[in-house]
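The structure follows.
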Amino acid sequence: MQKDKRTSLTDGMFLSLMKSSLKGISQVILIENAVTGFIILMAITIFSYPLGIITLSSSIIGTLIGKLGGANENNVNSGLYGYNSVLTGIALTLFLTGPSQWFIALVGAALAAVFSAAMMHFMRNTGIPILTFPFIILTWFMLLASYKLKAFQLSPGLVPQDLSHWTLNISGKVDWLEGSFNGIGQIFFLDSTLAGILLFIGVFWAGWKYGLFSILGNAFALLISFVLGGEHSLIILGLYGYNAILTSIAVSIVFKEDHNRFAPISGIIAACVTVPLTASVATWLLPYGLPALTMPFVLSTWLFLGARKVLPRL
Amino acid sequence: MQKDKRTSLTDGMFLSLMKSSLKGISQVILIENAVTGFIILMAITIFSYPLGIITLSSSIIGTLIGKLGGANENNVNSGLYGYNSVLTGIALTLFLTGPSQWFIALVGAALAAVFSAAMMHFMRNTGIPILTFPFIILTWFMLLASYKLKAFQLSPGLVPQDLSHWTLNISGKVDWLEGSFNGIGQIFFLDSTLAGILLFIGVFWAGWKYGLFSILGNAFALLISFVLGGEHSLIILGLYGYNAILTSIAVSIVFKEDHNRFAPISGIIAACVTVPLTASVATWLLPYGLPALTMPFVLSTWLFLGARKVLPRL
Amino acid sequence: MQKDKRTSLTDGMFLSLMKSSLKGISQVILIENAVTGFIILMAITIFSYPLGIITLSSSIIGTLIGKLGGANENNVNSGLYGYNSVLTGIALTLFLTGPSQWFIALVGAALAAVFSAAMMHFMRNTGIPILTFPFIILTWFMLLASYKLKAFQLSPGLVPQDLSHWTLNISGKVDWLEGSFNGIGQIFFLDSTLAGILLFIGVFWAGWKYGLFSILGNAFALLISFVLGGEHSLIILGLYGYNAILTSIAVSIVFKEDHNRFAPISGIIAACVTVPLTASVATWLLPYGLPALTMPFVLSTWLFLGARKVLPRL
């Protein structure tokens, strides 16, 4: 009998851990919903089986560090210690290669949770969320380490470029539908239309508002990036869209308060601002050959959420 | 009769907006004075008619965003939402070219006001002013975007340089008087002696102390930059002077309190510190071909104002 | 008699200043102990007589600025205004050359104390120590200034490198004992085994715990850097060890509280994290030819101390 009790207790803890970890996956798109997390996990697993395993493991690692470290339980259960780990695990798996790849990705996932805790402390007074800042900085540092440590083997796609010899070539046809589905896929580094459709289903499951604003943010960003003359190849890959989707959801829905009357509009404007920001961050990183990741989303969202504290109508 | 009342109300609002906007222009040199703002606007307009229009429009845009967003009215009326917009508008007009130039400059002016609000929030706890930080970061980002977006066309003066092939050539004669008047002109990107004289008049109008410390800061910086072996061409253009003028006014006069006994001295020292800072920031930006703008002023002023909170006599 | 009294007062002030200055030297390794400071000063002086003079002068300058500026007396007496000045003075002496070298080093030491005060203010709300951040940023800026100011002459060892032409060569035999003693020496830029032994004596004098964790941190970092495939030449020079020593002492001993149950373990993990951080920071600085200094220590320690505020068991 006592054994049974203990088993059910262990079962309960395991279920709670799994639920928090799935929420950790959905928190990547600022949604706290285990089902959405599961649908996203499916989308990733269909795209690549090993990537699915890394995604789930990373979220579990991050959540466990939050639990064992003694963090606020609500935060842990909402998946707030998981999403930076998920992104770090995926990114390091994709941008590194060689035998240590998996090990580095999982250690990175663990460090992402520690970094998340530190950033929560440093930003506590501001009342502004840390978003995916820990994932971005940590991944950049881990990729830079590859130039000095043999065990970190960079995948061949990441090449440092000299800005003084850089020329912009935007030619190529834009496939708008492909660009749209790739936009949401790129949040998880997937450039697959099927994965994009599944992700949209996951987002709509969590609420039609999330779905609507992810479509709106994406559409405006695609349009603006085309009008401003962005590289068409990047537009098709969805690389001008994923930051806009996240920003639109964050500023229009998740972090708005009742007195922010213009929240839907300022969210769309913030999404548009990610377009030049994506261009700037990418240029800034060219000499290091690093990807922009979700930095444009973080910067634009911090900009508008910070401004809101002083301009309450925004 | 009622119509008259409404007209006079609109008139009052228009006058108040213009006054705040002119103060926004004078706040660039840390002065809250509509007449000084008007004299500066004249100096800019004489130098270039379109630049004068951009200056006034940018200040109005910034002030309007503050008003409409629901910011603290005193801050809006003092021009605190205008000066970063003014500088951003001018800088983007001068450093960009092509058909979208004006549009980008005015959108930049609007974003500068949003950024100012965000920075006010992020720095509130420190009790340290945001100075021109939003303008600097925003302008750098907008200029960097030009490498990835066709609509942003960089003016040919900004060329990225490889630090490993950089050689320093300081030769050339220094014209001290020209360098002095160019120093104050460079705050508004003007290298014209007449504009410099007008700007000095505007500064003295606001108070002899402002005038005195702008001359002192400039003189010390010119001397130090010459002694430390700065490029003579840059010294003549006033590029080692404008940050010193702003820093000297900020640390010696505007942001000092009664117990800061050594304020006049520490202001001059802070002005001198902008000289190596100008060199460092310029070097740091060489690979990106970006201008240092007023970053040396911001860094030196933050350094001394922050230190003052812990070293009260400074 | 009165003369005697005045003399003894002056004597007392002089002694107090010297004691604080020696503590300023020991604070470089997070220890407040005048004897340890003296032993370190000896180690530096044996390595290079002029460097010893710079070390002591820098600490005195920093401490004096704290005293004259009116800082909290306890902080001044504990040497908290000295250690950033010490490091800045030493670093500028070693990385610069030419006739102005000494003058720049001492001005740098003075600015380091002002910068320390400013950082104390900016980080006050976080409850996290400023560590050697002022020294690092100040030294980088001063070295960058050399590309634009003739008076700043860079020593020939610092060469900017293009990341796109960088190749990693880790070959060479590792002498583990030499690497170990060089690790602690590198904190003060000394690659001498004798100096390393003296420094260890100084550390053990302050308490066996300091000694133990400096050895542990160093050993783990050496091992990890070897396993991850760091350049063997750098491992021998102790360049993967000095940040680990500082981090291990900081996280395991100095800045832990009673409820941080896993402090010894998290200190060692933090020390291991400095290894990839050292690689990343060095890569990031390659295009500028700047040394990483103690930035990996600062980043890793901030990461873990910040996380501790949210994960109390860490």
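In this document, chain identifiers A, B and C correspond to the written order of the chains, with residue numbering beginning at 1 in each.
Definition applied: a residue touches a chain if its C-beta (ideal position, glycine included) is under 8 Å from a C-beta of that chain, and two chains touch if they have at least 3 such contacts.
Computed from a prediction, not measured in an experiment: that's the story for all the values here.
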Seminar exercise, completed: Across the interface between the identical copies subunit A and subunit C, with over half of residue numbers shared counting as same and under half as different, the residues used are different
Seminar exercise, completed: Fit subunit B to subunit C (C-alpha, same chain sequence): the rotation, rounded to steps of 5 degrees, is 120
Exercise. Can you give the whole-Å distance between the Cα centres of subunit A and subunit C?
Worked result: 36
Exercise. For subunit C, what residues touch not just one other chain but two or more?
Worked result: 125, 162, 287
Problem set entry | For the subunit C and subunit A complex, residues of the former touching the latter | 125-126, 128, 162-164, 166, 168, 170, 225, 227-231, 273, 275-280, 282-284, 286-287, 302-307, 309-314
Problem set entry | Partner subunit B, residues of subunit C touching it in the complex | 65-66, 68-72, 111, 114-115, 117-122, 125, 140-142, 144-152, 159-162, 287-289
